[in-house]
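Here's the structure, in structure tokens; my notes come after.
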Amino acid sequence: MSQIDLINIAKSYDKQKDVLNGIDLSIEEGEFFVLVGPSGSGKSTLLRMIAGLEEISGGVLKINGQTVNHLPPKDRNLSMVFQNYALYPHLSVKENILFGLKGRKVEKQEQMRRLHDAVEMLGLQDLLKRKPRELSGGQRQRVALGRAVVSHAPLCLMDEPLSNLDAKLRANMRVEIRRLQKKLGLTMVYVTHDQVEAMTMGDRIMVLNDGKIQQIGKPITLYNEPENLFVASFIGSPKINLGSAVFSENAKHLIIEDELHIPVDPAVFHHIPKDRKLTVGIRAEHLEPCLAKKENMYKLEAVNVEQLGNETLIAFEVGSELWTAKWPGQWQIEFGQKVLVQMKPENLLFFDADSGELIKSAELETSQGAVTV
Amino acid sequence: MSMIAPTIGTNEEAYLSQVERVKRKSRLKSFFKGMLFLLPSIILFSVFVFYPMFQTIYLSFFLTNAQGATTVFVGWENYKALFVDPIFLKSVKNTFLFVFLTVPPTVIISFALAVIANEKLKGIGFFRTIFSSTMGVSVAAASVFWLYLFHPTMGLLNKILEAFGAGGIEWLTDPKWALLAVSMTTIWMNIGFTFLILLGGMQSIDSSLYESADIEGSGYFYKLRRITIPMLSPTFFFVITVSIIHSFQTFGQIDILTKGGPANETNLIVYSIYREAFVNYQFGSASAQAVVLFILILLMTALQFKLGERKVHYQ
Amino acid sequence: MLSTGKKLIFYVLLIISALLLAGPALMAIVMSFMTNQDILTGSLPTTFTFDNYIAAFERLPFLHFLFNSLIVSMLITLGQLTLSALAAYAFVFLEFKGRDFLFFLFIATMMVPFEASVIPNFHTIRNLGWIDSYAGLTVPFFATTFGTFLLRQNFKQIPKELREASLIAGMGDFRFFLSVVLPVSRTSLVTLGIYGFLTSWNMYLWPLLASTNETVRTIQIGLKQLQTQEQLNQWGVMMAGAVIVIIPTLLLLFLGQKKLQKGLTEGAVK
């Protein structure tokens, strides 16, 4: 069992600018927790502080309720998978997997038993005698996982473990790592810059930017109710469509990018301050094709069309912004064609343009419940 | 989220001060660990490099007995005597002349060899090995080879000269030729190392530079002048510095070929130090000479870096 | 791609240069198998003889000198490898106060030529009672800045994640040094080893000073001794002696030329 508490954690180098500041966070036992953020956001530093590879400048780090600020990495009972896998180039796969166990003087029989289990789990049977340079990227990745598995450490840290793999393999490994984590009941702290990885793998996600926590929550919460503009634009693909907006003088219309005039529906708009500069956002799937209903229709010019087969991405010019719509199925649209688009006001997200804070999120349609049999 | 997270209590504060102590302790530990890894080198450097340097300076202000123990403090007398001693002044002059006679030819010849050995031809490995082979020839063996080559009656060089109808040369005993003869030996010996370094430098030049020049239709010598030589400048800088320092330290070939003669024409500074200290047992005066050598090498390296920094192209 | 004509030009240049450069050594090898008669009359070899080699080994304890050279060179090589690997490890993997100062100190040693400090070194060795001992011939050369820099350059290419992974596995510095760093960088260790052996085998000034009799005298000084004893123009014997001296180093060079070239260039230029 392993639970992690970070209390007001900070990191600074040479007493200079803070790399991380005021990080308060609790990671539950058995949770798959993802740290996501752009490069330089401090996510790797935070992970390395949990591992004990980086000194903690301020605050308290607890693992299982015990303060561990001073403990060297080896005494924190954790395993770690590195971006470049950190395999020892002169050792075989088997020796690499057993490396840590030998260091900890685990009994020989026990070593073999764990090796057997890990090898079975990861399908490394035929590779045991090979050297790392004779392995493909995916195989190296598995060996690195194997090392974490045999350690039997309840806490596993991963630092961008998939970023050196090609896209297809990455999708496979996502599933595999997730399954492994559930099967072994590991507490996982997983660092990535890839929001898709974060969304698909994490039980909970923490978005980090500039050394500060932007938001912590379930993937779907981050998507639906981003607390600020950074999270809104960081999470989701294609990126959320944003535009600056003001109310018209008589407050009858909301004007987006000086182009779209949206009639104000008091039911939707009554909490929105009318006197402030706003930024509105709308997800690509909410710029819908106009079929039957004749309400909330806008004529937009398509400037780019991407046919993905099962869906079509259409880029529109809206003022100075480029908005993307995602329509299911295949649509024949020419470049430059004027297209009717439906945009419901209840799907809009409102942000304060100055602070970037969320004012109102989109009103959710009742989510589709799972069909249980 | 931050509201849920527990705040730091007094308990933790006490703990944090304890952490500070642990940190300080671990810093001390890592200092000792670092020293442990470096200590063997540091001790030996202290005993055989730093201490001798200061001891040499110290000795240079004294007269000594045959055991090397100081007897009389003479201040700057050893230095004053050196700078009016025609033999020492000549050895300094000869050393500079020797550097001038050996370094440019060594570098130029080695560069030419590296250029022709850098082509992708069958059997090129064999030629590279031959060209670098003089690096494996010791100064004693090389001197013996050339002692024979320079022999006035039987030596190969004079036989060749005679074959062309020219008179033989007293290579090692004629004051006009002795330093040149020693220089030839030294050039031959140093080619191996210099060639190897230059070839290595050439091979690390990005081949796409040549490929793009080929596409633009540049000629062989144009590429040599505009790509190879500029890209090789850091390597040139290194081999020239090393060769100069090496030449200043020349000893073995003098000891075997000429013993500093004839008429001190080949009495280079290290040989002069050796003779003063271990033949004449004038350790004080020899130390003064060593200090001069030390300063000369220091100046040469400083000068090299100052000149080199501006001209050298670093990648 | 070179045209055939250009290729020919290169081959001619290569062959001429090779003959000129290898000339002195080839000549020595040929002469070492010639009779004194042939050498003195300046004729081409008429008979093939081992007499010169036999004479060389008879006149002086050459075998003993060879053994001494081997011991001295191996000791220096081992010492250099050990000390520079340890020092390079500290400079790459350990962080501690004063590291930069010590690094500067190492650089400073390159400014002090050994030849300028032979006098106190000779006295040191004498006071330690190390004249005519292997220790006196070897220990002063154990610490080398060149070797430390060469290995440091190489160790720096080891990903730091390897160290971090071993930290998590609870491995100490010394074990990491032995079981990961050394095996991973064995190529550059071999390079440094070859270079160290080559230079110590060919040392001249220091063995001349530090050995006064035949107990630890190296082959280089033996060759000089042979040369000074030869009053009667016994060139064949001298050449045989010289050939014996250069064979081990030439062999080593032929085997390790590629490694040496790569290693020295890396250590030199970067």
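A, B and C label the chains in the order they appear, each numbered from 1.
Operating definition for what follows: a contact is a pair of C-beta atoms (placed from the backbone, for glycine too) under 8 Å apart; a residue touches a chain by one contact, two chains touch by 3 or more.
For clarity, every value in this text was computed on a predicted model and none was experimentally measured.
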item: Mutual neighbours - chains that touch chain A and chain B alike; value: C
item: Between A-C and B-C, the pair joined by more C-beta contacts; value: B-C
item: Chain A and chain C, separation of their C-alpha mean positions in angstrom; value: 57
item: Gap in Å, rounded to a whole number, between the CA centres of chain C and chain B; value: 15
item: Residues of chain A that touch chain B when the two form their complex; value: 5-8, 22, 24-26, 55, 59-60, 67, 69-70, 213, 216
item: Touching residues (chain side chain A, partner chain C) in the complex; value: 48, 51-53, 72-75, 78-80, 82-86, 88-90, 99-100, 103-104, 147, 151
item: Touch list for chain C against partner chain B, complex; value: 2, 7, 10-11, 13-14, 17-18, 21-22, 24-25, 27-28, 31, 39-40, 42, 82-84, 86-87, 89-90, 94-99, 102, 105-106, 109, 111-124, 139-140, 142-143, 148, 173, 198, 201-202, 204-205, 208-209, 220-221, 223-224, 227, 233, 235, 238-239, 241-243, 245-246, 249-250, 252-254, 257-258, 260-262, 264-266, 268-269
item: List of chain B residues in touch with chain C within their complex; value: 27, 30-31, 33-35, 37-38, 40-42, 44-45, 47-53, 55-56, 59, 68, 113, 116-117, 119, 121, 124-125, 127-142, 144-149, 154, 156, 159, 188, 191, 196-197, 199-201, 203-204, 234-235, 238-239, 242, 245, 248-249, 251-252, 255-256, 270, 273-274, 277-278, 283, 286-287, 290-291, 293-294, 297-298, 301
item: Touching residues on chain B, where the partner in the complex is chain A; value: 1-2, 4-8, 12, 15-16, 18-19, 22-23
